[in-house]
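Chain lettering (A, B and C) follows the sequence in which the chains are written, and residue indices restart at 1 in each chain.
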Amino acid sequence: MTMLGDRQQLSYIASQAADARLNLELETEGMTLNIGPQHPATHGTLRIIARLDGEQVVWAEPACGYMHRGYEKLTEVRTFPQVTTLVNRIDWLGSFANEVPFILAAEKLMGVEAPTRAQYIRTILFELSRIANVSLFLGDLGVQLGAITPVFLAFRDREYVLNLIESATGGRFHPNFDRIGGLKDDLPAGWIDETRAVMKKLRNFCDQIEDLLFGNEIFQSRTRGIGVIPRDVALQYGLSGANLRASGVDWDLRRDQTLPMMWNKADWKVWTHPDGDSFARCWIRLQETRESTKIVDQLLGSIPSGPVMAKVPKIIKVPEGEAWVSTENPLGEMGYYVVSRGDLGPFRVKIRSASFNNISITPWLLRGVYVPDIVTILASLYFILGDIDR
Amino acid sequence: MIGLFAEVPYWGQSLLRVLGGLVAVLLPAGTIVYIFLFKMMSFMQSRLGPMEAGPYGSMQLFAEVGKWLQKEDIVPDRADARIFKMAPIIVLVSTFLLVVVVPFGPDAFFTDFETGVFYALAVSSVSVLGILIAGWSSANKYSLLGGLRAAGQLIAYELPMVLAVMGVVIQAGTMNLQKIVVAQNSGSMFGIDVVGHPYVISQFVGFIIFMIAIQAELTQAPFDMPIAESELVSGYMTEYSGFRFLIFFIGEFATAGVFAMIASVLFLGGWGVPFTWFGWTSIDDIANWMNFVGPLIMFTKMMLLVFIIMWIRFSYPRLREDQLQRFAWKGLIPVALANIMVTSILKVVF
Amino acid sequence: MKQLSSNSETTTPAVDVVREQMLEAIKGSLGDALIDSHIKPGDDLWIRVRTDSWRTSVQKLRDVHSFDYFGFLSAIDWMPSPYGRGEDDPTEPAPERDMTIRSGYAGGDTRMQVFIRIVNSTTHFGLTVKVDVADSSPSVESLITIFAGANWHERETHEMFGIDFVGHNDLRNMYLPVDFEGHPLRKDFPLLARMVKPWPGIVDVEPLPGGDEPELAAQDSNGGDA
């Protein structure tokens, strides 16, 4: 965890300046390249329009909307329990984590609190969805940069986590397990021991990835110093999650706000990195995965017995009011601003998704980088299309 | 095949040469694709690879060839059709030209050039042309980027290759590949002649530089910027499908095999075993059965080197284009030049 | 750190000292630009500012009170939907609906409001700021000079609600095609899927496997407001 050498920064800047001078002298024409919407590098249908000068990007702009499903309009015609089905599909790799802020907002408006056992299980499933999401990120990171082997290890180990989620909730990718007032069901027998074993495997996987990928000199030279985001720019654009912590901002919503979830019952660390470059973002996610396994291990040991569902009426009508709840999702800060009119369904739901803000920085960030760096930067910012486009 | 088939008429000899050339190029290509691409890569990625076609997936290659052959011949509308069709053939032709000069046994060779090394290095550059015009004529911006990157990279890495080979030539005192093999197997190091004098030991710097240069010439990771699958989809090969893609594909692995053959000739002693094992003193002493065992030995050494190439390919991420160029011009070439200097000094002194 | 209504043993404080103090400080610096406010003890703070002082108020909040983290920017259309929740029977005449516009926390005088969420990155204190938007030609100042991240959010709010952001020179569509007409998130823009086939409501229509009679859940009267 080292600061970028001044020499490294200066040499990168100097090489780009030299390229710019040469291009000016030769008066070459630029080329407009369309990266996407179908492309192996983007996690979905993201289209980046880049104007290139040789291999250097003069101007780049993402064009989103290929996956816009109109969630905010759809929530207005749903009842509150039906919204969790919709909301699962925003960040589909860690989908339990999408349900939680919405359910918490509805519970806040109703004044209902889930029983302690349900809160423990919610937190554990939340962290499991984070592990599932970020382990795919770690594997995919290799593929974006050309190392085709780590991704198979990632998928192999991610299967264990998905099996766990499936045995508890019934769905690998879209659990739809959270209910207002608690959870749909209790845990199956033997789940706790299985989860402990899987957490060991995940820690092994993290060590393997660190060896294979992060220790590799080529990986380091491809990611260090690329896509540096200074702290104040990160705050202005509203970056969140690992992207923000990589720029040196010590902010983790699990620790810094009080929600009816059990993160404060476990002993874990918030990782930050001063550099703000692509390597920092990737490295922090690796450490966070390790921390998640530790959180799950600690919480598993102390789940109390009891009901998993509070007493809520069969037909749920949430009283009038507005509530904002945001949580530290795998991709960043995801929040829901729920406006209710005392009705069966919400009046307006504003979905604040992390990737929308994370990707809004790319026009600023992608000026002057080389074409391979576009892929590196997008990979390190880590977005899911469903999260950008909702 | 002079000597062995001296009574065969000239047209027969030419036919044998052509068939032998095809076998020498395509058999290693097929074996490399099956063993390394299908099986070794899968095992390294904790999966099994193709298992359906034939026992343990051994017929997969034929299935793939059949699949590609029956595809439609698509030429993009705005592509320059004649050049577009020529490009893959140029790449494959350079491979065949390259294998012509590789010796497989004391009498088992296609031609015996006095300047074999010079010819090999010259001919291996022809494939750069094929790649460049593939990228340019495809009328596709991704292909263009891939072709331009390839041009820069392949030309940059020609130089370390040539300079590394220079060390071997100085050591052997000849550019004739057959004589280089004989020199390695009949030579001795500091009086110990149990293993002959394989140049991988005395020219280890040259060997490493040559292997790195081969990795770049084959556009394998970590030097696969021209193909960069996650950025350029398939680089210069994006618009090719069906039979033309098959030629590129075979060309890639055939060239890997042939380069490995050349490397084993230059550094590992080629088709031979140290002469002292059988008490031979010169090439005329060698028994006739060596003409049949020689190709097998050559094959084994080639597979060993291709294993190293493929192993690195599947493990490493790729270097960015400017880092790649910097590595070649500022890293490999000075080291290769130093290697030549040291070799020549030591050759004169000892 | 403020306690939300949570699993802790303390009850929700009746007076939220930290938020009251912050509200006083904001009142001091914004003066009469601050029209209304609302505190939910232990939960959150809402303020509403005057439309013509939108940019200056947010600037002061960022510079004076260090709300330097940009959460999001969006809008709310307070008019109840004339289509209900898409459950009307198309053969029947449309039922009477209560169309009065009632605003939420911190009040509101217009049909649409723009609201943002900004947070202090050191104390993690969050604030929701609302502003009224005129009904006839909805427009409000753009915040991109203060928060660069507001760029995309304003583009999305513009295409979804039709609110013009003065000073944002690039209000292209974010998600919708270039030639799309209308503003989807406004309440009078119907959800086409529900117009085509209305939702039958909370009713179990199919008999359960095993031959039991279909359990009709207490069918709620949902012919009311949205």
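One rule holds for everything that comes next: a residue touches a chain if its C-beta (ideal position, glycine included) is under 8 Å from a C-beta of that chain, and two chains touch if they have at least 3 such contacts.
None of these values were measured; they are calculated from a predicted model.
J.: What chains, if any, are shared contacts of chain A and chain B?
T.: Both-contact set = empty.
J.: What chain lies closest to the overall centre, CA atoms only?
T.: A
J.: If every chain is reduced to the average of its C-alpha atoms, which one ends up farthest from chain B?
T.: C
J.: Can you check how far apart chain A and chain B are, centre to centre, with Cα atoms defining each centre and the answer in Å?
T.: Those two chain centres are 44 Å apart.
J.: Give, as an integer number of Å, the spacing between the C-alpha centres of chain C and chain B.
T.: Roughly 65 Å, centre to centre.
J.: On a C-alpha centroid basis, what's the spacing between chain A and chain C, in Å?
T.: Spacing between the chain centres: roughly 24 Å.
J.: Give me the residues of chain B that touch two or more other chains.
T.: Correct list: empty.
J.: Using the touch rule from the top, collect the residues of chain A that touch chain B in their complex.
T.: Per the stated touch rule, the residues are 15, 31, 33-35, 39-41, 55, 142-149, 152-153, 156, 212-213, 216, 218-219, 221-222, 370-375.
J.: Quick one: which bits of chain B touch chain A in the complex? Just the residue numbers, please.
T.: Touch residues, chain B against chain A: 44-47, 141-142, 144-145, 149, 221-222, 224-225, 228-231, 233, 314-323.
J.: Where on chain C does chain A make contact in their complex?
T.: Contacts found on chain C: 1-8, 43-44, 46, 68-72, 74, 76-77, 80-81, 85-86, 102, 104-105, 115, 117, 121, 124, 126, 128, 147-149, 151-153, 160, 173-176, 184-185, 187, 191, 194, 199, 202, 217-218, 220, 222, 224-226.
J.: Under the touch definition given earlier, write down the residues of chain A that touch chain C in their complex.
T.: Per the stated touch rule, the residues are 64-65, 68, 70, 72-74, 76-79, 108, 111, 113, 116, 119, 232-233, 235-238, 249, 251, 256-260, 314-315, 321-324, 326, 333, 335, 337, 339, 341, 343-345, 347-348, 350, 352, 356-357, 360-361, 364, 389.
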